[in-house]
Each structure stands twice: as C-alpha cells, then as structure tokens.
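Here the structure comes first, spelled out in structure tokens, and everything after it is commentary.
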Amino acid sequence: MAFTLEDIAGRFGGEVIGDPTQRVGSLAPLDQAGPQQLAFLANPKYLSQVETTRAGAVLISPDDLEKLASREARNFIVTPNPYAYFARVAQAFIDLAAPKVQPGVHPSAHVDATAKVAASAVIGPNVTVEAGATIGEHVRLDANVFIGRGTQVGEGSHFYPGVTVYHGCKIGARAIVHAGAVIGSDGFGFAPDFKGDGDARTGSWVKIPQVGGVSIGTDVEIGANTTIDRGAMADTIIEECVKIDNLVQIGHNCKVGAYTVIAGCAGIAGSTTIGRHCMIGGAVGVAGHVTLGDYVIVTAKSGVSKSLPKAGIYTSAFPAVDHADWNKSAALLRNIDKLRDRIRALEAAAQKVQGDA
Amino acid sequence: MAFTLEDIAGRFGGEVIGDPTQRVGSLAPLDQAGPQQLAFLANPKYLSQVETTRAGAVLISPDDLEKLASREARNFIVTPNPYAYFARVAQAFIDLAAPKVQPGVHPSAHVDATAKVAASAVIGPNVTVEAGATIGEHVRLDANVFIGRGTQVGEGSHFYPGVTVYHGCKIGARAIVHAGAVIGSDGFGFAPDFKGDGDARTGSWVKIPQVGGVSIGTDVEIGANTTIDRGAMADTIIEECVKIDNLVQIGHNCKVGAYTVIAGCAGIAGSTTIGRHCMIGGAVGVAGHVTLGDYVIVTAKSGVSKSLPKAGIYTSAFPAVDHADWNKSAALLRNIDKLRDRIRALEAAAQKVQGDA
Amino acid sequence: MAFTLEDIAGRFGGEVIGDPTQRVGSLAPLDQAGPQQLAFLANPKYLSQVETTRAGAVLISPDDLEKLASREARNFIVTPNPYAYFARVAQAFIDLAAPKVQPGVHPSAHVDATAKVAASAVIGPNVTVEAGATIGEHVRLDANVFIGRGTQVGEGSHFYPGVTVYHGCKIGARAIVHAGAVIGSDGFGFAPDFKGDGDARTGSWVKIPQVGGVSIGTDVEIGANTTIDRGAMADTIIEECVKIDNLVQIGHNCKVGAYTVIAGCAGIAGSTTIGRHCMIGGAVGVAGHVTLGDYVIVTAKSGVSKSLPKAGIYTSAFPAVDHADWNKSAALLRNIDKLRDRIRALEAAAQKVQGDA
C-alpha cells in the first residue's frame, strides 16, 4: 500500500509542496528514510537532515520550511504540527496493515444473557461479561478481560488481555486499556474499632464498603497493570483525554482533570483532585485530600503533601550522586540545626564585638 | 428493604433514642440524607449538621450527643464508634442488595480431581484449581483466578478476577484479594557466580530456589495487582487483619504483624519484619533485613533503611515546592560541607579575635 | 530420593572430603540440618556452626576449610562458591520432586492454526497463542497466559499464570516470567496538538503508534506484575541474564545490559540505557533518555536524572528519622539560602573587622 501526498493531505490536511503524485507507503526517521517513505521534522536541530534525507517527502512546519536553504527537488507536506501529523498518518498506516478481526463473540467467552453487546464488537477468548453490562460498537475485548455487572464500555474502546473492570463502572468511548489494568477495585478504607493500647489493644479494622464506581471520560488511555479504585460513596472520576502510564495507582474518589498525563509508577491517594492539563511525573506521590490546580507540573519522584492551587512546576526530588558524598551531605542535613546554632552564636559574638567597639 | 432502628440496634448494638419503629433503608451523609436514611456523625466538626439533617436517624457517640443543643424530634442510635457502626450496617445493606450467587463450579473452571472444594463455594468461569488445593466453605473465586497445587483458601474468602496464588500457600478465613494480585511468586534471590572484573567478567547469576510458601492469617485484605513473594526456605508471613492496598510489593520471608496497614505503592524488601499495629504510608520503601517495632508509623514516600524498634512516627520525605526554589536548596545541600567549612573558618577567626582581645 | 556425595560432586563439581558414600536427600541451614541433609557455609561468620552441625555434609570454600579447627568425623564438598553450588543442588532436588507435567496443549487453550508449538511444550488451561507465534521446546505456559501474534518464546521458558506478551516480541531461551507480568504494552508517547492557553486551550494528545517490539535475551527472569513496554520504532531490549523483580516498569526503547539486576518497584523511563552488571535498587527511578555505564549501582529509593557513565555507587535517598526532627531539618533546608546569606554577612563583617584591625 502506498498513497500519494495529495491523498494524504486530502485526508489529514496540510499543503503539498513539490510533486503531489509522489507515493509513500510507510514512515521513517529523516536519516533512515528512503524514496517511498515519509519523514518528519519535529525538532529544528535536525534541520540539516532535511537537506540530505532520501525521504519521498518530509512533514515540516511553515517556520522550519522558511529556514531551509533550498526546497529544490524535495517534496513537503507543510503543517503546523509535523509530530502530531506524523502520529496520525502512522496510525492510519498501522490500521491498514493490521490483520482484520472479525466481529463477534468467541465461543469460549461468557456473556450474560442480560448484557448488551454491540454487533460490531469483538469479544475474545475467555472473556467474561456479567449481567447488565453494555459493550458499545466496535469495542474490542481481548482474551481474559472481565467486565463486571452493569459496567458500560463506550464505543471503539480496546481492552488488552486480562483487564478487569469491576461492576458499576462507566468507560467512555475510544478508551485504550492495557493488559492487567484493574478498574473499580475497592478503595482502601477501614474504620478503626480498637480499645486499649499497646499489647492490650483489642478490636479490629472494619471495612468501609465502597459503593461508588469509576467514571472514565472519552479518549482515555490507561497503562498496563495500573489500578483505579472505585469511590466510597460517589464515583472516582477520570475526565476525557487523560493519559495514564503503567503501574499507576489512583485512589478512591480522586478526580483527574481532562488532558492530564500521569507517568509510570505514580500514586495518587484518595479524595485528591488533579486539575486539567497537569503533568504528573514518573513515581510521583500525591497525598490524599489535596487539590492540584490546572496546568500543575510535578517532576518525577517528587511528593506532594499539600494542595498546589497555582499552575507551575513543583519538585522535591534529588538526583543521585556519589554515595559517599551523599552520605556526608545527609549527615550534615540531619544536623543542620547545629549549623544554624553555630551561625547564631557567631552572630551573637559579632554583635557583642560591635557593641564593644 | 427497610429496617426499624430497633432491629438494627438488636443486631449491631447501641441504644435507640427517639422512635424505635422508625425505618431506614440505606445510608447517606448528614447533609444529604432523607427520612428513610441513616446518617452518622464521626467527626464533631460536623455537629451542626446533626441539628439540621433530614435523616431518619443519626449514629452518634455519647460524647457528641451530650454536646447537642436539642434532641427533640430526632432519632439516634448511640454507639461509642459511629464510623465503625456505619461501616457494619452499610455492609449488611449491601449484602442484602447484592445479587445472590449460586454455589457451584462454573462448567468452564478447571478443578483437579484431587482438589477439595466446599459445596458452598462459588467457582467462577475459567478458574483453575490445581491438585491437592483446598477451597473452604462460602469461598468465592471470580473469573480467571488461579490456585496452585496444595494451596489452602480459608472459608468465606473472596478472590476477585485474575488473582494468582502459587502452590503451597495458606490463606486464612475471610480474605479479600483484589484483581490481579499475585501471592507466592518466587522471591528475588540469586547467587553471584562470576569470575574476573570489568569487560573480562564471566559467569552468571544462579537462581536460589524459593521453597518456602506464603502464610496469610484471617481477615486480611490485599489490593489490586499487589505482589507477595514466597519465602526462600521458610514462609513469608502476613498475620491476621493486615490490610494491604494496591500495587504493594512484599519480599520473600517478610513478616507483617497483625492489624498493620500498608498503603498503595509501598515496597518491603526481603526478610524484613514489620510489627503489629503499624501504619506504612503510600510509596514507602523499607529495606531488607530490618525490623520495625509495634505501632511504628512511617509517613508517605519515606524510606526506611535501618531497624526502627520503637513506636513512633518516622519520615524522610520532602513536600514538593516551586521547582526553581527547590533546585537552589538542593544545590546548597550538595555543598553543605562548604557552608560548614565557612562556619568553621568564622569560628576560628572569632576565636583568634577573642584570643587577641 | 537421596544421593551420595560422590554422585553430587560428579554432577556439580567440587572435591569430596570424608565419606563419599554418605547420602543426602535435601538441604537445610547448618543449625537445623540432620544427617541426611546437605548444609552450606557461605558466610565465614557462621564457621563455628560447621563444628557443631549434624549435617550429613557441608559445602565449604577452600579458604573456610583451612580455618576449621578440625575436619574429623565430618564430610565436605569443597567448592569455590558454596552458595551458588547450594543453589544448583537445591534446584536439582526440586526438579526431581516436582510433579511431572505432561507435554501437550490443554483442551481449553486457544492455539491459532498458524502458531508453531513444540511437541515438548506444556500449554495450560485457557492459554491463548495467536497467529504466527512460536513456542519453543520444553516451554511451559501456565493458565491464562496470552501470547500475541508473531511472538517467539525461546526453549525452556516458563511463564506463570496470567502473563501477557503482546504481538511481535522475542523472548530468549530459559526465561522465567512471573504471574501478571506484561511484556510489549504500548510505550507512553503522545504528541501534543493544542492551541491557546489556560481555559481557552483546545486540541488533544495524539497517540504515537508504538511499532517496535520487545527483545529479551536468554536466561532472563521477570517478576510478578512487572511491565515492559514495546518500543516506538525500534525494540526495547533486555539482554541476557538480566534479573528483574516484581512491579518494575521499563519504558519504551530502554536497553538493559546483560547481568544487570533490578529490584522491586523500580521504574526506568523511556529511551534510557542501563549498562551491563548494574544493580538498580528497590523503588529507584531513572529518568528517560539517560545512560548508565557498566557496573553502576544505584541504592534503593534513589532517583537518577542524569547520565552516570562511570562505575560506582550512587544515592539520593534519606533514611527515615523521627518525624518532628525531620520536619525541623526540612524547614531549615527549605531556607538554607538564608543560612548561607547569614554566613556571608558574618564573613563580610569579619573581613571588615580584619580590615579595621
């Protein structure tokens, strides 16, 4: 399969410069692309590669095009965002090349008689769909997926193998949920019911029933083995176009605002609200019951223990340095109050000297 | 379904004040509850809501009841721990409302002929129960659960979809294990068998067989995608009423004492002992081969590298602040020895001035 | 089953001292072993236990043997690395004792007609093997394992229940992959395609298709619920004999060098290269696009944000201390620039005093 630049611009927009009948069949980096391939320039520091590339055409922004010494003998599609354009074209090529999957329910799947499964859905081997669940058009549930009773899966969603969604959750259209992710597990809540102290303590933890659900907007992606707990009374909410990486934990009754991205190994404790368009770095921890405003960025490995209402970049992580040096600094930090006291003593002495003088 | 206050107090204890024939059918927060609902006051700061609530009755402690301006025209169940009481009643309402699941083994489940499954157990679709395993009364194993050979599951336990328990483990009564949790995977142990250094190094890591199991007490809850490794020689031990959140890792030969709670994303390295009634915060890391005493609290994101035998609260995490401010502080910390040296120099100079004076 | 010391040395090497016809049938620690058991001395501090053990024989290094007061009435196998020797013998005893599993495909497994499954492989219940996949000799796929189209699994590998490997991945010989691990999920990559700022922002994240795979060398072990993402264009690479613990996240296009070990809860962001023979501690985070040289050790809970080309030990983690003490130090650190300013002021004053003097 190969498409003319004219065809591509017709579908994805942009202006063709050069030969609109040039055909390309796949994508490649500037320095590796051949005459049947489409390359892209997303970072102006690779501008010189545009001059030397063998690519059949280059996706380029109007600004970068201006900077080129020569456009001779080259083809371009000019677009304000070559990287996003590349991503869309790449996805289209992949969809065309992917093996066609027939709609229907695999004979080994267990679909309750009261569940509604759209005719265009693909239900894989050993999938379980419980009573009252709704599976939208063109949904794809891979092997071993579990959909609990009453849960709704929006159209065009793709759940990879082994995803579990508990009962009473709502997943919006076009969700991508990677293997092993768990949505709707019980929030972590227990009432202490103890008497006495120390060795004489008796009693127990009493489980707080978690009767809320999880409500997920459209166009959300959730990474492998990520967990999102159901709410205690109201729902845990993930708004539209949130992107969550692997091994992320989101506690009960959190609300994550639209377009926010959360990198791998991050953990958000219960009842916390994250604004829209936030970026939560890898392995970040956010305490419970706090609020992050829109456009808050938290850098990797940092911990957030208080609300951060204002947009900005926040950090509390140190970079690793030589172990012995670190230990020296750490020991001095542990005794930093003594350094402060020594400064105070010096200040008092200086004061006295001044007084004496 | 609705119950009189008299019925509820008969089953869960407490003293009814007001109309014992008042009926309630569900639970709700004070500010949202209607006349058929039961509300609770767990935190005295919401006392004023008790005066204005429309709830059919309020769970309240004797102390808080004393503080009320008026009890007129209101119904109460007085109990020392309204929050725990609420949790118990809520669970009872949920159990009544839940669809009844018929005992029995789903036709798609694979139960070895030598496994013992109680008649009251519910074995879901695609479950595997291997040779010699024992499944107690009223156990519920959801879809895709795997129980290895010889493993015992105590009565009343509920394993959500996709839980894997390896061979030779013991799970006590009334366990709740959430989707994707793995119990009994191999501990991480390898003997180095290398010769030479640098590029000339040859040899390999030799796997240490992990022949212990995992032994879990009664009333334990384990979160989604949490992992608990089997012991190398002896068992990894989780005592009764331990509550573990999602995405927690517990290494081989750890022992976690009764009533301890461990929040999400925490990791406990191998051969570490955690005392009873401890609280391990989210994303805490505890090194291997250390011991935490009873009633130790470690705050979220902290790291424990040495034993903490004494009850107390321990911390090593910083809260995120403005990125530029943080970087300035971090740079000064990296050079804190220079600050110390400058203080020393000042002290020496001051000494000299004093000596001269 | 029991074997003579002569048999064991014949198979695993080492020199027998004492009675070569002594039989042992299992392994045990020095202080617990009986006359039919083999014990080992890996750490010279337990040398005195060798004098008193009841073990049928002791694995010992030549150096430690020299240190013994007496070898009388004892049997030894002398080997340079008793711990690795112990591990190998223990594994052999376990393999002998393990129930024999019959090769073949379980009737409930779904193996595509175009997949190649070796006759000696064991394919468990509810396993899915998609089109074009290759399963090598003596491979064991436990219940609910999913192998995507075109993926290759090398000979002698063992995948525990619920492992998911996406399409187009290569797993080398003798891999051990623990339950719930996910290999080949999409890397976390999105092109921003937004216009405007603040509340007026419009647009979306555009998914970058992830068309690379995951390529894993021989003798790799991967822990429970660990996730390894597929590459964006080229493969994510794990070289031979890498050992990865539970709940580890490895981003797209990472390369992990041979013999490196990665402890639990660590996260490696995308496009990062880790050298050979590295040791990455528990809960370590490594940023994307950095390079760690060979023999780099990062201690538990540390964060790596820049390349560390040189072998060495690197740290950025603090040990937890008393909460109130920590808060005091943390407050002073937050204001460490003020301490620096006070030192500067003192220095200026001292300079002035000296000038005056």
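We just call them A, B and C in the order they show up, numbering each chain from 1.
We take it that contacts are C-beta pairs under 8 Å (C-beta built on N, C-alpha and C of every residue); 3 or more make two chains touch, one makes a residue touch a chain.
This structure is a prediction, so every number in the text was calculated from the model and none was measured.
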Chain A turns onto chain B (C-alpha superposition, degrees, nearest 5) by 120
Taking shared numbers over all numbers used, above half giving same and below half different, the chain B and chain C interface sides are different
Taking each chain's mean CA coordinate, chain B and chain C are separated, in whole Å, by 25
So chain A residues touching two or more other chains come to 108, 126, 144, 162, 180, 225, 247, 265, 283, 318-319, 321, 333, 336, 339, 343, 346, 350, 353
The residues of chain A that touch chain B in their complex are 108, 110, 126, 128, 131, 144, 146, 149, 162, 164, 166, 180, 182, 185-186, 188, 190-194, 198-199, 201, 204-209, 211, 225, 227, 229, 233, 247, 249, 251, 265, 267, 269, 283, 285, 287, 297-299, 302-306, 308, 312-316, 318-319, 321, 325, 328-329, 332-333, 336, 339, 342-343, 346, 349-350, 353
Listed in rising order, chain C residues that touch chain B in their complex are 28-29, 81, 83-84, 86-88, 90-91, 94, 99, 106, 108, 124-126, 142-144, 160-162, 176, 178-180, 219, 221, 223-225, 241, 243, 245-247, 259, 261, 263-265, 277, 282-283, 294-295, 300-301, 317-324, 326-327, 330, 333-334, 336-337, 339-340, 343, 346-347, 350, 353-354
